[in-house]
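Listed next: structures, encoded as C-alpha cells.
One chain, chain A, links the two complexes that follow: it is found with chain B in the first and with chain C in the second.
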Partner chain A sequence: MGSRASSLLREEDIEEIKKETGFSHSQITRLYSRFHSLDKGENGALSREDFQRIPELAINPLGDRIINAFFPEGEDQVNFRGFMKTLARFRPVEDNEKNKGPPSGEPLNSRMNKLLFAFRLYDLDRDDKISRDELLQVLRMMVGVNISDEQLGSIADRTIQEADTNGDMCISFTEFTKVLEKVDVEQKMSIRFLH
Partner chain B sequence: MMEDFWASFFPVLMIWFKCLVLLIMLPAMFGISLGITETYMKILIKTLEWATHRIQRASRAEEILKHSSSNGGLIQRDDSSLEQEIEELRRNRPKAAEQGDFTLSDVLYFTRKGIESIVEDDVTQRFTSEELVSWNLLTRTNNNFQYVSVRLTILWGVGVILRYCILLPLRVTLAGIGISWLVIGTTLVGFLPNCRVKGWLSELVHLMCYRICARSLSATIHYHKKQNRPKKGGICVANHTSPIDVVILANDGCYAMVGQVHGGLMGVIQRAMERSCPHIWFERAEMRDRHLVTQRLRDHVNDKTKLPILIFPEGTCVNNTSVMMFKKGSFEIGGTIYPLAIKYDPQFGDAFWNSSKYNMVSYLLRMMTSWAIVCNVWYMPPMTQEEGENAVQFANRVKSAIAQQGGLVDLAWDGALKRGRVKDSFKEQQQKMYSHMVVGDDSSD
Partner chain C sequence: MMTRILPLLLLLVFCCLSVRCLQNQSDQQHHKRAFPVISIHYEAVRTPFEVALWILLASLMKLGFHLIPRLSSVVPESCLLIAVGLLLGGLIRVIGENPPVLDSQLFFFCLLPPIILDAGYFLPIRPFTENAGTILTFAVVGTLWNSFFVGAGLYGVCRLEGGGLASVDLLSCLLFGSIVSAVDPVAVLAVFEEIHINELLHILVFGESLLNDAVTVVLYHLFEEFAHVGEVTPGDVFLGVLCFFVVALGGVMVGAVYGVLAAFTSRFTAHSRVIEPLFVFLYSYMAYLSAEVFHLSGIMALIACGVLMRPYVEANISHKSYTTIKYFLKMWSSVSETLIFIFLGVSTVAGPHVWNWTFVSITIVLCLVSRVLGVVGLTYIINKYRMVKLSGKDQFIVAYGGLRGAIAFSLVFLLSSDDFAMKNMFLTAIITVIFFTVFVQGMTIRPLVDLLAVKKKKQSKTSIIEEIHTQFMEHLLAGIEGVCGHYGHRHWREKMNRFNKRYVKRCLIGGERSQEPQLISFYNKMELKQAMMLLESNSSASLNTAGHTTTTIEQSSRRTLNISKEREEEIRKILRANLQKTRQRLRSYSRHTLMPDPAEDDWSETHLRKQRVEIQRRMSLFLTGPAHRQESPPMRRARFESDNQEHVTRPSVPLNVTPVSSVLQDSVTIDNESEKSDESRWRRHGGDEKQEGERGIRGRKPSVTFALDLDEQKRSRCLSDLGPNQLNEDDEESFLSH
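Now for the complex of A and B:
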C-alpha cells in the first residue's frame, strides 16, 4: 500500500529534521503534506510563485518579504529542509525542554532567532543595519498609498531617532533588540501547532 | 478453438446481460430498489469500521484521536483583528500621536499572519480532495497511513479486485446504457408535437436515464425536506463539487440545465436533450455577454411552463468542505431561488473533480472504481430578494443558508482563485486599515 506524499520522505530525513528543528514526527509528516500540496511543479522544491498562490499570503502587505525569508541568498528554490528550518523559528519557546537544539547550540526558535527573523525583514541587503531607506521601504509596503512621502519620512526619522543609540543613523540588531525588549516576542512570533 | 470459446462465452454474456437488466436497470428506471445496494452498503460500512478499528489499535492511537478532534487543523489561529493585535504589540510603548504612531514591532503582526497562511490557509485546501480521518481502503486516499497488518492488506487486495474487476465493468456498462438511452429516448420524444404528453414523457425519459446513471456510480442519495421541491419557473442554486452533481439532483426532479455548448459526446447529449425539452446552452462567445445571458435566463424563468433552471453559482468545482463565493449573476434574474445543499460522504468515494489534475475520463474512472457515492441533498425553503438588498448581499445570504444546512464552511473567497490570482484590492484594504492605525482617522486630527 504505497502512500503518496509521505513515501517520498524517508525516516532518516524525518529524524534529522526532528533533531535540527524540534518538530515532532507527526508535525513533520503533516508539514510535508503541506509542502507537497504547494509544490505544483512536483520537483521537490518550492518557488516564489508557489508561495504566491496562497491568497492570504498574496494579500499580506509584507507577503513578498516573508516569502523572501525562505530563500537562501541568491536562490529561487527552497527544498523541504529549508522550508522546515524557516518554519522552525516560529515554534513556541516552551517546547525547548524536549529538544537540545542543533549542535551549534542556539535553538532555531529562541527569542534571539525570532528577533533576527523580524530584523531581516527590514534589512534587505543583509548588512546588519536597518538604514532609513530600508525602513521606508517596509513602511511603504505596509501602508500602501494611504500616507504621503513626507509623513512617512518623518515617521521613519522619528523611529530611527528613538532607536539609534550610537548615532550612525541606522538601527543595528542590538538597538533593534533593545527597542523590542518589552514586547512579548516569544508569543507574537510563535505559531501554536496542534499535536 | 476460437469458435468454441465464443460459443461458451456467449451464453454467459447473455445471462449476465439479462441479470443486469432485470436486477438493476428495470428497478432503477421505475425508482424501486431491490435492496442489493443497501446490502452492499451495509457490508461495506461494517468492513470499513473494522478496518478503522484495526488501524487505530495498531498505530499510535492517541495521534489519530488528536487528529480527528482538531478537525485536521494543523495550527490554532487567533480570531483577533488587525487593530487588536497591533494595539497589543504597542502596549508597552508610550503613545506619541503627533507624527504618526508606528513601532518597529508592527511587522510582527503581518509576519505571523503570513507564516500561518503558509502552514495552513483557508483557500488552497479547498481545491484538493478532503483528507480522511481514517483510511477507507482505497490507495488513492492513503496519505499518512502506513502498513498495519496482513489482514488489512488482504482486505485491501480483495477490495481492489472487487472494484476493478467486478464493479467497474458493471458500472461502465450501466453508464453506457444510461447515456445511450438518454440520447435515443430524448430524440424519440423530440419527434412528438408540443403537448402535455410530450412534457410528461420527456420527464420520464430524463428521470429513467439519470437513475440508471446513478446506479452506475452506486450512488446512494438521501433527499431531505422534499416538501420544498423546486417548482416550474424557479431558479435552483446549489454548491458545486463535480459534474456528478447534475446526476444526483436530476434523480429526483427535472431541471433545465444551463451550460456551455460542448463538442463530442457531451455535444451529442446536449443536442438530444434539447429536442425533448428546453435547456439553455450557450456558445462560448455568448457567455461573455452578461446581458445576453441574463436575458435568456430571465425569458426562460418567466415562461411558467418551463422547468426550473439549475445553476451552480460558484462557477467551479470545490472540494465539498466549504461553499465559496456565489457569483451574483444568477441572483439578478429575478424570480424565486430554490437553494439546494449537497454534501457527499467522503468515506465511500471522493466525488470532487480536481480539473487541473484529472480530465473528465480519468475522473469518471475514479468515480467508478470507488466503493460508492453517498450523499445527502437538502431541499431548502425558497428565498427571494428582499427590499433594499442588492444582488451580492442576496447571493451571500443564500450561500450562508446552504453552507449551514450542508455543514460546510462559508467562505467569502472566490472559487476562481483555483486558477487565477487574488485581486490587489484585498491587499489595499489591509494597507488602508493599517494606515489608520499609524496616522489615525483624518477626522480625529
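Now for the complex of A and C:
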C-alpha cells in the first residue's frame, strides 16, 4: 500500500507542498500514507466522517472543533494539500527560521500563526473576537457536565476581565497574544514529526 | 562591618567556653558537702543541649548575614556558611577540643531527607515531565561518563607519578571517580535559588542532581564490594547493570507505594485535621528509610512519594494543613542546609588531612573537563530529539552548574579505612573539590548569568487564561497527534489523565472533590489567594473593627451548627459576590464603563471598610474548609442593588428568620451605618446600574433554585474544622491581629 500511495503523489506536488509548508520529503510521504489510510472512500479527499472514525478524536473534548479546523470555509471535503496546510502549523519552529525575517509573509508555523489557529478555534463565528458565550462553550467542553453554569460563568468573567484591555467584554486577537506572551507557545503547540 | 561581626564572634567564643567549663564542672562533685541547693548536671542534658545549640547558632548565622548588606548579594549563602563553619572549627580547635566531624549517619538520616522532601513535594511537574528524557540522559549517561573518565584519568596519573600515589589501584580510583562526579542537589539548590534562572535550566540541573543518586548508589556499592572482595568477573559487571535498574525502579516503587498510602490516609482525616501534616512527613520519611533498608535509592523513593501524593493530599486536606506542610518543609530544609554547610566547614578543620598537590589538582581539572565534555557531547545527541534545542549558553550553564557537595563528602567518609588506605587523601581531595565548586563556581555563576544574558525566571503569576489555554492546547495537540497517527508523549499523558480521573481520583480523594476538574481547583485556588491578599492589605487598618467582629464571628460560629445546607450556600454566595465586587470596584476606574465620580475617593474608602468586614467573615468560613467556591454574576448584581437599601429583606427571602440570618443582618446593618451618609452618591450610581440590577434580579431566580449538591461529607468537613471552640477563637484572634 505504501508504494501505491506514494505513486499517487507526484513529485511536483511534493515540491510545492514542501515549499509551502516546510515539511521534508520523508515527512510528506509519511503523512500522505496516513492521509490515504484515513481516506476510506478512496476519492483523494477526506470528509468529516473519516475524521470522526479516528478514536483519539472521538474521546477528545475538542474533537469537533479540531475536525472543523481542517475544513476550509463552507466545504465538506479536504484534499491532501489542505490537510498538510493545517498540519504545518504544528511544525516545530526551527532556530534558523526564528532569526531570519519573513521572506514572503510569515511561515505557516510561526508563533503568530500558531496563536491565530488557536484563536480561530475559540472564535467560531469568525468575528475576530472571543465573546463570553464562545468562551463558555469552550470551557463547557473542557470541563464536562458536572459543573454548573454559574461556576463556568464566573470563570469566564474572570478570564475576560484579565485579558480585556479596551473594555469591550471580548477578547480580540491582540489581547489574546498579549496575555499569552509568557506561555511558551513554540514548544507547546508543536509536534515532532519524525523524519 | 567589624562592629557587627565582633558581637557574633564573642558569642561564639562564649558558647565554646561555656561548653568546656560545663564539662569540667562535672568532675568536681566527689567530696561530701551539705545538700546542694543549686547543682549542675550537665551530662544528662548534654546531647540535646548541644544539638539545640548548634541549630540555634546556624539560625543566628543566617540572620546575621542579612545584616551585612553588600556581602549577601555578592557571595552566595552557602559560601558564607562554610566560612563560618571553618571559623567555628578553628575556634574549637584553639580552645583545645576536637571539632565534631559530620557524622554520616546524622547526615543521611536527619539532615538530607527534609531537603529532598521539600524539593520533591514542590517539584514543578510539567517542566519535569516535558524534559524527562533530557534529564535522565544527563543523570545516567552523564554521571557514568564522568565517573569513568575521572577514575581512569586519575589511575593513569597515579601510575605515571609513582611515589606516594603508586598504591592507589584502579578500583579505588573508579570509586573515587564515581563519588566525586555526582552533582549534589543541596549545593545546586542553594546556589540556583539565588540566581533566579529560567525554569528550563533550573529543572535540568536540579533534576539531574536528584536522579543521579541512583547511579551513584549503585556505583558506590559496586566498587566498594569489589574492593572488599578483591576481584572482578564479567558476571559481576552484568549484575552491576542489573542492580542499577533494581535500585532505580525499586526506589521509585517504594516511594509510590508510600505515596498512595499517604493519599489514601488523607482521605479520612476529616475529623482530625490537626495531625494531617504529620502523615505527609511520616509516610515520606518511612519511604526513605524503607528504601535505605534494601540499599535502594532513598532519594528517588522520597521524590516519587512526594510527587505522587501531592495532588491527592492537597485535594483532601484543609487549607491550614496545607500551609503548615509548606512552611514546615521550608523551615526544616532551610535549617538542614545551613547545618550541612556549617558542618562541612567544621569537618574540614577536624579531619585528618593528607595533602597531595598532584592528586588534588588533577582531580579538579579532570572534573571540570569531564563535565564540559559530557554536557557538550550529550547535548549534541539530545538536540536531535528535542523540540526546543539547548543553545550554547544553556549548555554552559548546565556544565557550570554542576556543583559538588556534602553527599560526596559523607560517602567518602563512610569508606572503611581497611579497604582504602588512601581514605584521608580522598577526603582532602573531595573537600577541595567541594570548596572549589561551591566557592569559585558558586560565586561567579551570578555575574556570568548576567553577562551572558541568560533568560531569567518569569516573575509573574499564572493567570487563569494561561491555564485554560494550556489545557486547551494539550487537548488540541493530542487530537492532532491522533490525526497524524503519531503516539507522542501527549497521547500517553492524555491516557494517563483519563485513567487518573476515572479510577484513581475516586479512590484517593474523599467526598465531592474527586469529581472536580483540574481547571476548577485551579480557579478556586486563585480566588483564595486573591482573598488572602486583599485581606492582608486591608488588615493593618482593621484592628479597630477586629474587636467588634470577633464577637460576631464567635456567636455566629456557634450558631452555624444549626443551619441547613441551602442557607449556608446562600450566605456563602452573598459573601463571595461581595468579594468579587470589590475586585471589580477597585479596577473599575480604569475602564470606560462607569461615569466619573468626583467623590469617588470618599465613597471607596467607606466601601473598602465595609468590604473588609465582609472579607474577614468570608475568610473565617473559608479557612475552615477546602476551597471550592463558585461565583454567580447575577448574585453579584443583585447584591449591588441591595446596597441601595431597597430590600434589606431580599437576601433573606429564601431564608426563614433564624439566628443565622443575623450574620447577614449584621453585614447589612454595617452597610447601612456606613452608607447612610453616602446615600445620595449611591443613588446616583444606583441610577446607572439599575438596569443591570433588574436584569440581575430576574436572573437571580435560577441561581436561587440551583443548589450545589452539598454532600454530607463536604459539610462535615467544613464544620469539623471548627473544632474545639478554644482552638477556633485563638485562631480567629491571632488571624485578625496578624
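We adopt the following convention: the second predicted complex is superposed on the first by the 183 of 195 C-alpha atoms of A that agree within 3 Å, B and C clash if a C-alpha of one lies under 4 Å from a C-alpha of the other, contacts with A are read in each partner's own complex, and residues count from 1 in each chain.
We take it that a contact is a pair of C-beta atoms (placed from the backbone, for glycine too) under 8 Å apart; a residue touches a chain by one contact, two chains touch by 3 or more.
Nothing here was measured: the structure is a model prediction, and the numbers come from that model.
In this overlay on chain A, chain B clashes with chain C.
Of the two partner chains placed by superposition, chain B and chain C are both touched by A:Pro55. Of the two partner chains, neither chain B nor chain C is touched by A:Thr174.
Once chain A of one complex is fitted onto chain A of the other, the partner contacts of A:Asn43 are absent, as it touches neither chain B nor chain C. In the superposed model, A:Leu139 makes contact with both chain B and chain C. Contacts of A:Ser26 after superposition: chain B is touched, whereas chain C is not reached. Of the stretches 56-64, 92-100 or 470-478 listed for chain C, only 470-478 runs into chain B once the two complexes are overlaid on chain A.
Residue overlap on chain A between the chain B contacts of one complex and the chain C contacts of the other covers 31, 34, 37-38, 51, 54-57, 59-63, 66, 87, 90, 118, 121-122, 138-139, 142-144, 146-147, 151, 154-155, 158-159, 163, 179-180, 182-183, 185, 188-194.
Those residues of chain A whose C-beta lies close enough to touch chain B in the complex are 1-6, 26-27, 29-31, 33-34, 37-38, 51-63, 66, 87, 90, 117-118, 121-122, 138-139, 142-147, 151, 154-155, 158-159, 163, 171, 176, 179-180, 182-183, 185, 188-195.
Against chain A, in their complex, chain B makes its touches with residues 63, 66-67, 70, 73-76, 88-89, 92-93, 96, 99-100, 102-125, 128, 139, 142-147, 153, 156, 413, 417, 421-422, 426-432, 434-435, 438-439. Taken together, the chain A residues at the contact with chain C in this complex read 31, 34, 37-38, 51, 54-57, 59-63, 66, 70, 87, 90, 92, 95, 118, 121-122, 138-139, 142-144, 146-151, 153-155, 157-159, 161-163, 167, 179-180, 182-194. Chain C makes touch with chain A in their complex at residues 130, 385, 387-389, 458, 460, 463-466, 468-486, 488, 491, 494, 498, 515, 517, 519-520, 523, 580, 584, 587, 591-593, 630-634, 703, 706, 708.
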